[in-house]
Structure formats: structure tokens, C-alpha cells
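Chain nomenclature is as follows: A, B, C and D, assigned in order of appearance, with residue numbering initiated at 1 for each chain independently.
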Amino acid sequence: MTARLIGQPAPALDVSRWFNADGPVLLENLRGQVVVIEAFQMLCPGCVAHGLPQAQRIQAHFPAMSVQVLGLHTVFEHHAAMLPVSLEAFLHEYRITFPVGVDTAGTGDLPKTMETYGLRGTPSLLLIDRNGHLRAAHFGQVSDLQIGAEIAMLLSELAGCTEDGCPVPATG
Amino acid sequence: MTARLIGQPAPALDVSRWFNADGPVLLENLRGQVVVIEAFQMLCPGCVAHGLPQAQRIQAHFPAMSVQVLGLHTVFEHHAAMLPVSLEAFLHEYRITFPVGVDTAGTGDLPKTMETYGLRGTPSLLLIDRNGHLRAAHFGQVSDLQIGAEIAMLLSELAGCTEDGCPVPATG
Amino acid sequence: MTARLIGQPAPALDVSRWFNADGPVLLENLRGQVVVIEAFQMLCPGCVAHGLPQAQRIQAHFPAMSVQVLGLHTVFEHHAAMLPVSLEAFLHEYRITFPVGVDTAGTGDLPKTMETYGLRGTPSLLLIDRNGHLRAAHFGQVSDLQIGAEIAMLLSELAGCTEDGCPVPATG
Amino acid sequence: MTARLIGQPAPALDVSRWFNADGPVLLENLRGQVVVIEAFQMLCPGCVAHGLPQAQRIQAHFPAMSVQVLGLHTVFEHHAAMLPVSLEAFLHEYRITFPVGVDTAGTGDLPKTMETYGLRGTPSLLLIDRNGHLRAAHFGQVSDLQIGAEIAMLLSELAGCTEDGCPVPATG
């Protein structure tokens, strides 16, 4: 279940390969930005029809300095059909330009990040606040009105501040 | 131009008749809520296809205690074709349940509220903050992502506070 | 019920006023063409969203010499809301350019042509063959694939021929 | 160019593997039926969004005895990304149940059937009449109204008859 993670520091992404990025994308380097993660499979019809176009609209609407959109290819079925060589062509053909990480294969069918986050399936949309805390996880279709509102709520929060207040930054 | 009004107290609505309401709806009674006004004409195709369905989605998504959706029938052409008797049937057939005011006829083609607000046409979407200030005016189509974000930004502001700070309420 | 009329000569349209036409449009003058009649009400959401755009697509796709599209405003409720003055503005705003007849008011709520044809409601799409026989009547939404096929079937029939054969034209 | 083939006997499909079929599907065994061939690539966005759903609507609307829908996977780019193992998962996830043939790889990028037919790209929709003649080839999006009409025109032709007349079948 993702529920227990809501409000907690977002676990690191366990990614075996990144596309559309110069080197690994680390969540800890994205503090200060709201991070939107679209977890998808390239052969999942709901991801292609709804989830990924929504992620592209989010990328187009919000300034990149404020909102960073990431894709996470969380393959949990038909593994041989969705290898990185196929994903690469898919990203090219569908004009997806935000960074996309390949979720590292696990010991069972579920890839590692998908298991850590307890995702229910694809598409899943994750929202991480400016302080790196996971704040929302949506499985399936969710309206633009709702996602727009949720992102704006996170944008209106000051980095460094949490729901508990604005702490003095820890020093070494 | 509406631009000069942005950030100013929203002018009163000059309405000759209300539908879906028990008596006149006054903006000053809606302090503390974000107010969304959909200015439309019942025979405007863009209003029927985009503007009004979006207003209905806003009404459905946000709690009524936080966000009040209003319609404003701003007829500026084909006046004889869009009399209140036609509007009433229209609201019934399109299942519009939020309060809708008929913008009072002016001396020329433009009705009075439309003229006061300097609206560019229909559909127009107006956003008023918890303190009764006009904060945005959109003419034509605007995305759900954007409207969702703008409403949430206004919701995140405390009533009584403005961009200048949080003043002590004036007393008599 | 329309069912009993299928295959029979299409009854004359009882129309009190025509728009987008130079004088009355008579079915008997349209022999040799396939006639598509879109029966609608201007305040019927399904007509505005589906029926009328489909009629416009039919008009745009098939040559006017082969297929004549007609509208029939069959008001059976909210009569005062859909008077000809409102219909005229509606046709203008929705860019409807095919001839539209106002179905003559009856003694009850149903207008006369609607009653004669036994229509079940709006939108209804009627198809009349090259010989003036009613061949199909659809209530509600019907797919473009189906309508395209039905019109083509009627176009493939020779005028003068019927399902019974090709009679020698009667002479006086 | 496909144009030179219109009206000619449709060339045989050169297929290396069939899905959703018990053994090879041969055009010569489909005489008497109208055959609709959807040529596509599984990573072509226009195929996924428009071409394949239209083929599924055709399959659903017309009786299988009259109209046979076939898919043809004509990969001409990203070959390693669209191997049969990926296609198989794709067909499963998108609920495609009509027979789909993998166009045999050629010496260059173009697969063999695609080259023989001179297809301009994907999606392409081919229509073959009851006598096995190629009658239409559409590249890109084409409306349901048009395809419905074209299929119906072919259905209205008698098998064995051509535009030249109805020949006595040849005997051995």
C-alpha cells in the first residue's frame, strides 16, 4: 500500500537506465521543485491514452523550474515485450521528452521501485513536494482539474516548511 | 478591458433575475469562498461545448463550502432569441444546477455587468478570491489543469489576508 | 411507431416555416436523391452534441446532388423557449446551412410531422430513398459507420427501381 | 504507388507469422467477402489512436460473414523494438481479436507486402472486394462515414460480378 508512505520522505527511485537525461536523476537533487512521477508501461492502453498525455500536459503547463515531470517504466507483465530497446522507440514516436527511468527488475514480476512504493498498477501518478515528501499517489484516471489543484497546493508551500511549520535548516 | 480590474474588488453583479437561487446572490455574502463566474450565452457554441461543462466539473470537484460556481447570462447579440423563458428551459435540459443570473440589459447591445467588467466575449471565466477581489479573467477556452491550479492557489490563501499581508479586520 | 412506415412512401413534411431555403422544400421534388432528415430540438443536448454535427458531416461528405440533408425542428416540450426567433439565431451560431423546417404545431404537445412519422423523440435520423420511400428511422445516437453504410446502400439503388424490381415508369 | 493496383487483383499477403488465426490466412480463401486490411505498426501513435480502433469498430459493426477484418504489421522502422514478442503482448493488451499477420521482412527497411502494395506509411486501410480486387487504399485518418459508405458499396456488389458485368464462372 502506498498509503503508509504518504507524508513520508519519498523513497529513492531504483532505476537501471535513464532515457532523456544526462546521467541518473536523483530525487534528492530536486528539492525545491514539485516532482510529478508518471509510472507507466508502454503497452498499457490507459497509460498511452490518458496517463502519459496528462503528464505531457503538466510538463507543458507548469514552468520546469517549479515542476519536474519524470516517467518511470514499471513493467510488471509481458517483460520480454517491453525491453529498453522497445521503450526507446516508444518514447521517440510518442514525443515524450521528460526523463524516463526504467524501474529495476526485481526477483519476482514486480520491479523494485514499484514494490517499494506499493503501487497498485499502471498508470499511477505520484506527487512529491518541494521537501521530497510523497504527498499523493493516484492509480488509474484522475482529472486534470484535480491534478492541477494538487500541484498548485504543493507549489504554494514554501520549500523547507512543512505542515508542522518552517524549521531552521540543520547545519553540520 | 478587464485587466485594470484584476486585483481590485470585484464589481457587484447587476442581475435582473436569478435562476437556481432563493433570491439574489450577492458577491459580498460570499466572502471566505473562492467564486467562479462563468459568463455565457445559451446560444454560444463554445459556451455549450466547453465553458459550461467546465463550470459543472468545477462545481462537482471542489466542495461547495470552498468554491461557489455562478453563471452569468451575458447576452450581447440575438437578444430576442435568448429571453429568460428560453434560458430557463436551457438550464433544465443541460442539468445546470448552480445559480445563474441574467445580466441586466444595458442601453446598447452589451448588458451592464459585462460592460462593467469589460468582458471580451463569451465564454469568459472569472475568479474572485476569498476577500472578494477579482483575480483572473479568461476569455475563450482555458485548460482544466490551469483552472484547477488557479482555484487551488486562491484556496491556499487565507481569508482576510491579501498579497500585502493579513490586516486586522476593521471594526465600526 | 415508425416501424409500420418503413418501406412505405414517406409522408409529406408539415412545415410552418423554412430556414435556409428559398420557399418550401417538398419531398416529392427530391426524387432521385437520398434524403437524410435530422429531427431535432435546439435545446436537446444530444441533438446539439451528436445529431446535428453528424448531419453536418453527412452534408460535407456526400455530394449534394446525391444526398440532400434536411433538418426538422420537432419541438414537443418547452414550446415558448424554442420559437422560430430562437431557432434562427441557433442555426446562425451553429453554422447550420442545410434547409431546416419548423414542424407545424399540433393540437397537443407533439408537432404534426413528428406525430405522423411516430417519432420516439429527438434526435431522430430518417433516411428516404431515391424513390421517396422511408427506409430507416433511428432514435438517439447511431454510429457514423452505420449511417455511412446505410446511405451508401441507398445510393447504390437505381432510382425508379425498388426491392421488387425496376418498373417501367407510369405514363399519363 | 498503390494507385496502379486499384481495380486489380489484390496481391497475396507475404506474412511470416499470423496471430489470432489457425494457420495462414489466404486472400483467395476470402472470395465472397469484403476484406478490410489495417496496415499498422504497434508503435505508430496514429495507428493506436485512430486506425486500429476504427478497424475494431468495423469488425464490431459488420457481420463477419460479409466483412473480414485483417491486421498487417508492416514494420518499416525501429525493427528491433517491434518484434513478434512485443506485438503479441500489444494485441493482447489492446484486445485486438481479428487475425494479424507479420509482414515478412524485406532486404531493405520496407517489409515485403508493404513494398508490393506500395503503401505510403501507417496506418493504411485497404479495401478488397468480393472478387479479390483491391478497390481502395487510404493512408492516414479517414472518416467512419466514408469507410462505412465504401464498405457498403462493395457489399452491394454481387460476388462474381465486376464493374464490367457478371461473367459465367470459368470451368476447368
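Convention: a contact is a pair of C-beta atoms (placed from the backbone, for glycine too) under 8 Å apart; a residue touches a chain by one contact, two chains touch by 3 or more.
What you see is a predicted model; the values in this text were computed from it and never measured.
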| item | value |
| --- | --- |
| Lowest number of touching-chain links that must be crossed from chain B to chain D | 2 |
| Partner chains that chain A and chain D have in common | none |
| Euclidean distance of C-alpha centroids - chain A vs chain B, Å | 35 |
| Distance between chain centroids, defined by C-alpha means - chain B, chain C (Å) | 39 |
| Rounded Å distance, chain A centre to chain C centre (Cα mean) | 52 |
| Pairwise touch network: line, ring, star, complete, or other | ring |
| Residues on chain B engaged by chain C in the complex (per definition of touch) | 43-45, 48-49, 77-78, 80-82, 85-86, 88-90, 92-94 |
| Touching residues (chain side chain D, partner chain C) in the complex | 57-58, 61-62, 143-153, 155-156 |
